[in-house]
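Next up, some structures in structure tokens.
Both complexes shown next keep subunit A, but they swap its partner, so subunit B is in the first and subunit C is in the second.
Right after this comes the complex of A and B.
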């Protein structure tokens, strides 16, 4: 079924389909799909992926029978279970959770300039069927854990979340994606950090092989704010992590880190993009991958420094270990600098595990398998030891042990 | 015989490196191999330790009544063979202490000995490090990472003293060491020497042998031992070089 027919058939279940402006915007998106020649060479959202599988899909969405749960587990600590992308409303003096509104759609989807060629973002806008908005109120320090549950097979979740950290607030957000059903989740997170705010965003991805997860996030940082994102992908199914960050006011920071652990025939596509639009801002993009069997991955990192963004510091690093001759990892770092007083760097190293290091460890009595595992752990040691959230650290260690147990 | 190398020929990437090498080492003996650059000294050390890049063309090696070629790299280490590397490998992210703890326990396990617990190991490590003038802070670092040349060699000797091997192979341990570091390293080796263990010392220079007295000195040229004798051979080499042996 083509996109137009698919949309028309399911229109009544899709958010904001009665809004005339939004419908006009969606018609434009449909035209893009119908007329696009899908330029795989120049469009990073199309690399290493069979887009046809994601465009010719059977739309299915179930409104969850049980409403999602929001618990205030401890003071300043909340636990949310999002079911099929839906979350019930909640309000106290520190946070507010509401449904997304037409204006939230317009705020990002219509004004989106960075991702206009990203077909997955366009699909998300077109078939939007779930999502919520979280506001952290001024000067509050909050912890939130969100478990994202998909209830049934064959569901197509198109979810859009807005997260707003008001001035002086601080949020530690853990998102878990651990689904075992044959479904596809296409999620767009739009994150806004007001002045002096901070967001530490952890994403743990551990889906089964029949579950596709497509996450796109866009963060914008105002003066003295910091957005930190750490992604840990242990999924056996396809995962796409694309993260865009705009540093729009001075002294703001974006720190985007990711580690993926792939095996079998799995594929993961990753991208980080940081746009420096003001002076004295810092960014850091570090992605590391461990690939076994016939796994494939891509990582595109981009730093764009606008001409007004003097005193920028922007660093990129990509590293990969290939545990098998059939695994592949394509990495492309890119810097575009239009200011003249900046410190920027990029680096990329991908290769098999260091045989000399293996020999050294074995020559001290360690078995080959133990040496391999210790070297894999050491490869990501810096990132793992920098996790300052004990709960997160434990979760990641357990998943790492599970991944390593399959390394032969 | 403790170690018996018989008619050993080895090649790598179509280049013959060892050509019919013979060497016998008994328990409690210290042997030194001297030879010019490229004569095959390090290849011999690597082949003994089990590095898999080499093709064995001919020959046999017996170590403690085992056919060495039946043992893989870690089994050789667990049986009591130790190679002090010429260029110790930097391994960022692998902490020295748990690594060494795991190494010693893998050996004890093979020997059917009880594994050493954390506390006892920490004590052992601290005392051995102190003997070698190694700062305790260094033990918190990653294996060889950011170490100076001297620190790397000292750390190799620390590992050797912890693992207490039956046969230690020192591959140009003196290279890159200043005189003070050389003394500390060689003192460490001399302390380990007993009637039950043996040493194979590979070096270019006679200097090292001023500190570690060998029972036998062998001259290696083009992948074979061309002369064997006592420490007078080292003096001869110091005086006249390797030219006359080639």
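Right after this comes the complex of A and C.
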């Protein structure tokens, strides 16, 4: 079934289909699909993707019977279970959780920063069927953990979340994606950081091989705010991590990091994009990948420095290790710079594990497998040791051990 | 900073573009526009055999179906291919002069102005020059000496007549006519260029060099260069360009093919100093060049060195296909853009054979309102065991209205291959500038010195004759936008 028919047939279940503004916007999106037809040749971001799963899908969505639970476990600490992308409303003096509204949709669709031809974001806007909005109130320091659960097989979740950190607030957000059923989640996080706010965002992705996860985030940072994102992808199924960040006022910072562990026939597409639109901002984009068997990965990173964004510091690093002779890794670290007083750099390496290092360890009595495992652990040690959350650190370590046990 | 550089800067600031003059010679042209008749006219004028005409027509039919490649970060008005002369030869040049005294004195004068007096060049240290004036090869010097070694160095037109076997075998083998629209266009209408064949085991004793000049207005120059280095041979080839000042945009779409067989080495150096347009971005050359080398045999090596300072638009990716085991590809580039110039240049290293190595050093300097992009692809195919690449691309920004962009594509399909890439972008270090000023250099001198130092890694790869010229060019290119 083509996208247009699919949409018309399921309109009733889709958010905001009565709103005329949104309807016209969606018609435009349908036109884009019709004209472009997911042209792989002229769109690098579609590299390695099995598109059939995403164009020719059966739309299915179930409104969850049980509403999600919000637990205020400790002081300033919340745990949320989001079922099929929905979350019940909640309000206290520190945070507020509500459903997303028409204006949130419009607010985003009128923002032109995300590339027009990002089809997956457009699909999300078209079939939107879930999502929620979290507001962290002024000057609060909060911890939130969200578990994203999909209840049934064959579901197609199109979810849009708004996260707003008000002035002076600080949020540590852990999101878990651990699904074992045959379904597809297409999630868009729109994140706004007001003045002096801070967000530490962890995404732990560990789905089974039949679950597809497409996750896109768009964050914008105002004066003196800091956004840190860390993605840990242990999934056996397809994951697309596209993260855009805009530094719109002075002295803001964006730090986008990721590690992915791939094996078997799995693929993963990754992209980070930081746009510097004001002076004195800093950005950092670091992705590391370990690829085994016939795994394939792409990583696009991009630092865009606007003419006014003097005194910018923007760094990129991409590192890949290929453990097998059939794995492949494509990386494209881009710099687009229109201001002169900047310090920007990127580095990219792809290769096997250093033979000399293996030799060193083996000469000290270690088996080849043990040496390989130690070297993989040390390759990502920097990222793991920087996790200041003990609970998180333990979870990640366990998953790493599980991945390493399959390395031969 | 020596006094020579200062003098040069001085004279250039007074004379603007020194090479902006037009030699008044009657040009014999076909009608404007591109169709089968134009191609037949060119082929007839050059007295070509039928197989060559067929080859051109096939390329033309491919070109008709193609669109210009769009990946580059360039903006320019659409090229009207029907508004260009595709052949321009000074009258009376169908018969070639036997020596310099037979050459039109006006032409000789032109070269004197350019600083390459042929008479002197003969005496000068071992440089043989194959001068291309517009589309017909004028005079080839040092021929005799090269012939003794069995080296063939002539115009491609002559090679088609005299060495059809080599041409049939190699022309289009590295850049197929249908590769992209500019290569198809060149294959259809190329008029002249150089042909070099170095026989087995011969080390070419001198730098082979060609000076290109675009002269007649509205004439796109379509060069075709083919260099073949047979087993165990070595050749170093120099290409340098200047063009007269014009307001109309002139199209240039050259193709350069290099083939290195077993144990052979080719070194190809370019200094490109074509008319970049004036301060308002009016005029200038559109330079769409396809350069590609094939390391066909084991242990072969191809090295590209370029200094790009001219042209309104530079679209150029000298590439290496590393097919033979243990073969080496190198790319050294300095690209300077000023005023409204746009450059999208870089390289492509395709590793096919085992133990292949490549090295990329690229330095981009943007000034004024220009845009400078490095675009490079490094790919390791499945069988490229133990292949190795090192890439370094640095950009320097002078002024806050220009842009510097780096777009590398890195693709690895082999787990024993190692690739390293690093890039940085910054402005001129204030401390360095302060240090130089403190020691009595003017701001402009200091910037020139620092930029020359920034480019040194590349400039030192150039042959002696070019290195001096290139350093001057770097200083001249900075003129007017510093401070």
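In this text, the second predicted complex is superposed on the first by the 398 of 408 C-alpha atoms of A that agree within 3 Å, B and C clash if a C-alpha of one lies under 4 Å from a C-alpha of the other, contacts with A are read in each partner's own complex, and residues count from 1 in each chain.
Assume a contact is a pair of C-beta atoms (placed from the backbone, for glycine too) under 8 Å apart; a residue touches a chain by one contact, two chains touch by 3 or more.
This one's a predicted model, so the numbers in the text were calculated from it and none came from an experiment.
Look at subunit A after the overlay: subunit B and subunit C fit there side by side.
Of the two partner chains placed by the overlay, only subunit B lies in contact with A:381; subunit C stays clear of it.
Applying the stated contact rule after C-alpha superposition, one finds that A:352 touches subunit C and leaves subunit B untouched. Judged by the touch definition given at the top, the superposed model places A:333 against subunit C, while subunit B stays out of reach.
When the two structures are aligned on the shared chain, A:363 is found in touch with subunit B, with no touch to subunit C. More residues of subunit A lie in touch with C than with the remaining chain of the pair subunit B and subunit C.
In the superposed model, the vertex angle subunit B-subunit A-subunit C (Cα centres) comes to 70 degrees (nearest 10). Contacts of A:324 after superposition on the shared chain: subunit C is touched, whereas subunit B is not.
For the pair subunit B and subunit C, the minimum alpha-carbon spacing after aligning on chain A is 11 Å.
On subunit A, the patch touched by subunit B and the patch touched by subunit C do not overlap at any residue. Contact residues of subunit A toward subunit C in the complex are 307, 310, 320, 322-325, 327-352. By the touch rule above, subunit A contacts subunit B in their complex via residues 354, 356-357, 359-368, 370, 374-375, 377-382. Taken together, the subunit C residues at the contact with subunit A in this complex read 382, 395, 397-427. Residues of subunit B that touch subunit A in their complex: 49-52, 72-74, 76-78, 82-83, 85, 88-89, 91-94, 99-100, 102-104, 106-107, 110, 142-143, 159, 163.
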